[in-house]
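Read through the structure below, which is laid out as structure tokens, and then see the notes.
Chain lettering (A, B, C, D, E and F) follows the sequence in which the chains are written, and residue indices restart at 1 in each chain.
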Amino acid sequence: MPTAHLYTDAEAAAHPRVAAVFADIRATRNSDFINNFWRALANQPALLERTWASLKEVMVAPGTLDPLTKELIYIAVSTINACTYCIHSHTAAARAKGMSDDQHAELLAVIGMASETNAIANALQIPVDPEFQVT
Amino acid sequence: MPTAHLYTDAEAAAHPRVAAVFADIRATRNSDFINNFWRALANQPALLERTWASLKEVMVAPGTLDPLTKELIYIAVSTINACTYCIHSHTAAARAKGMSDDQHAELLAVIGMASETNAIANALQIPVDPEFQVT
Amino acid sequence: MPTAHLYTDAEAAAHPRVAAVFADIRATRNSDFINNFWRALANQPALLERTWASLKEVMVAPGTLDPLTKELIYIAVSTINACTYCIHSHTAAARAKGMSDDQHAELLAVIGMASETNAIANALQIPVDPEFQVT
Amino acid sequence: MPTAHLYTDAEAAAHPRVAAVFADIRATRNSDFINNFWRALANQPALLERTWASLKEVMVAPGTLDPLTKELIYIAVSTINACTYCIHSHTAAARAKGMSDDQHAELLAVIGMASETNAIANALQIPVDPEFQVT
Amino acid sequence: MPTAHLYTDAEAAAHPRVAAVFADIRATRNSDFINNFWRALANQPALLERTWASLKEVMVAPGTLDPLTKELIYIAVSTINACTYCIHSHTAAARAKGMSDDQHAELLAVIGMASETNAIANALQIPVDPEFQVT
Amino acid sequence: MPTAHLYTDAEAAAHPRVAAVFADIRATRNSDFINNFWRALANQPALLERTWASLKEVMVAPGTLDPLTKELIYIAVSTINACTYCIHSHTAAARAKGMSDDQHAELLAVIGMASETNAIANALQIPVDPEFQVT
């Protein structure tokens, strides 16, 4: 159960700012599906507008990282932050962008390996080698 | 200051199992540089051997994700786990594998965006849409 | 499913130390409702007593932060620690203490913004400005 | 040491988009001081602009939570995310907005208490009481 | 719902590498029960083999920490990482290895106490006493 | 640098409640050394008293877990919470209570292994086996 109301399509249609974002999500994704994350954010139009605008800029606009790579990074962050919703939504998004079963499995291996060495390095409080200085 | 001793080259040379791993690190990376992480793990040869073997399998062996993508994922995980050492070592590794300043900046944008939506989705306890079910 | 037994009212009544804490919770909150957190802690009377005493001192006793502000902070911590139970219980508590929908939405915006900049600052390993030194 | 270059004032002045954000930070805060976070973000003007615009909207624009309360929430999130830089910068900001030593101490007590019960509730996997359902 | 397929016994039997690991799990544990973690890892035989080999080396092979102590540590880590699955599986494993209700309760008390002081120490950014230096 | 003042012995002596806790720490530990954690908590006598009382009850009072096991669990939690101060103070405490280098190395192996499987299990969102139900 969520801690805030999830807007139905009818409720969204009654709020112009929410309706405008929902329309842009549908147009940008070329799909009628609005997932629950946006239906929950609809409670605060300003947060809804800002979050969707940022997501479009970060995840949709062309850049130097390809869309699938950005989804893999998103899954990695969501996993360590233990965000069940985000793990599911971005794993689905990555598959929709072409992630193969083998790529998913390799992603898991890297996430697991990094978590293992992160914990060991933190427990050992290993001093940073001066060779890593890049600036 | 670390919580365990860092092996010098002379100390490593005196322990055959440690010496063998250090030699393989040098050969695999084609560099004489052994970073502090391995010098700290040298206190437990079994952990040193297993960790290096896993890292070679996960990060060095060819697969369906390219080496730079794996480094970007590693940085993302290390950032959320707040591992100072690992953030530095893998940012340096990513640069050595060709990460540009623009790619680094986009990586940061994705990590930040994911962390923001992770927190909001968790605070809202948003139920997973059935459309995300993939199995 | 929990990893320990949840005490029913009948079971609590049969253990004097548990019964005493349950009675104090009811008296302090002026409500007959005992939520599952305390029913699970009842397995260890010492932990139950100490945790309830601390909670009364920290969250109920008057101080320089008002009760609603303390609940907002509690939600923020629970969100980053990904504690589903605590997010629900303290969001309900905050609403009972007067949190409006707009305040909830602003809370989410701050939690999200902080998480985003936390991740970016950690990834960049930004040195602390000496101007921030306060002691 | 940071993982990216920190822009000096001279370097910022040479990049119009960076210079514009730095000027707005100075005008908004009515202070000449630009802290290192923004000097590091200057490497990516788009991220710098978006992050500053969001921060102004979330932390500076008037709303239903007062500025000090928002800083306390920011400190709480930064603490759990183990962001050394953010803990320092937002503790300084909270003091500048009037946080007393007693309020700081109470904030710590709430953060500590929440972390303790978060861990216990997660370890016990306590089921959410239906009474907490708010939607 | 998982984000990858869970292998049935029939599917495992059809993949020699998966079948071999499942057989070794059964032989090592002297039980026919294969829990879902391994059924999910079966999608990537290399990750399955490596993870099981590591788990046998770390958790099953004799060492200087007894098996129950290692399970308690595993529960502690899983709790802070908010891994619902791992909390359940390792709490069950600890009980199977003799963890009493009192030991479970003391474990919770230590995990809670550590989380509380971790948060307070991080919020205060307390400098490490030179007396703690051990190397 | 800390975010609050560290009490010197002279300052502590001037505050009766602080002086009483410091005296009890010294008597309990049979040592004149007061580490910085308590010197920072001295800013809030109530928090200082409550935290020390809890620590004595959880870590010092006899129970069903031996003192060294409790320190190992404390290190594990502190590592995942990325608390530099606590990792150092409790690693030193564990050594003082007899932790050998081999035990430290095995502790690291368990912490690393748990973190790896936690991340993989979370990324896979593996459903909990009904066999793990214990209540």
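In the analysis below, a residue touches a chain if its C-beta (ideal position, glycine included) is under 8 Å from a C-beta of that chain, and two chains touch if they have at least 3 such contacts.
Note that this is a predicted model, so its numbers are computed, not measured.
Listed by label, the chains touching subunit A and subunit E alike are B, C, D, F. Distance from the subunit E centre to the subunit F centre is 21 Å, each centre being the mean of its Cα atoms.
Mean C-alpha positions place subunit D and subunit F at a centre distance of 27 Å. Centre-to-centre spacing of subunit D and subunit E amounts to 34 Å, using the average Cα coordinate of each chain.
Touching of two or more other chains is recorded for residues 1-4, 6, 46-47, 51, 54, 77, 79-84, 87-88, 91, 102, 106-109, 111-120, 122-125, 128, 134 of subunit A. Taken as a graph of touching chains, this assembly is complete, with every chain in contact with every other.
Taken in their complex, subunit C has these residues touching subunit D: 1-4, 6, 33, 35-37, 40-41, 47, 51, 54-55, 58-59, 63-65, 69-70, 72-74, 76-86, 88-92, 95, 100, 102-103, 106-107, 109-111, 113-129, 131-132, 134.
For subunit D in complex with subunit A, the touching residues are 1-6, 46, 50, 54, 57, 128, 133-135.
Residues of subunit D touching subunit F in their complex: 82, 87-88, 91, 101-102, 104-106, 108-109, 112, 119. Subunit D makes touch with subunit E in their complex at residues 75, 79-80, 82, 84, 87-88, 91, 107-108, 111-120, 122-125. On subunit B, the positions that touch subunit F within their shared complex are 1, 3-4, 43-44, 46-47, 51, 77, 81-83.
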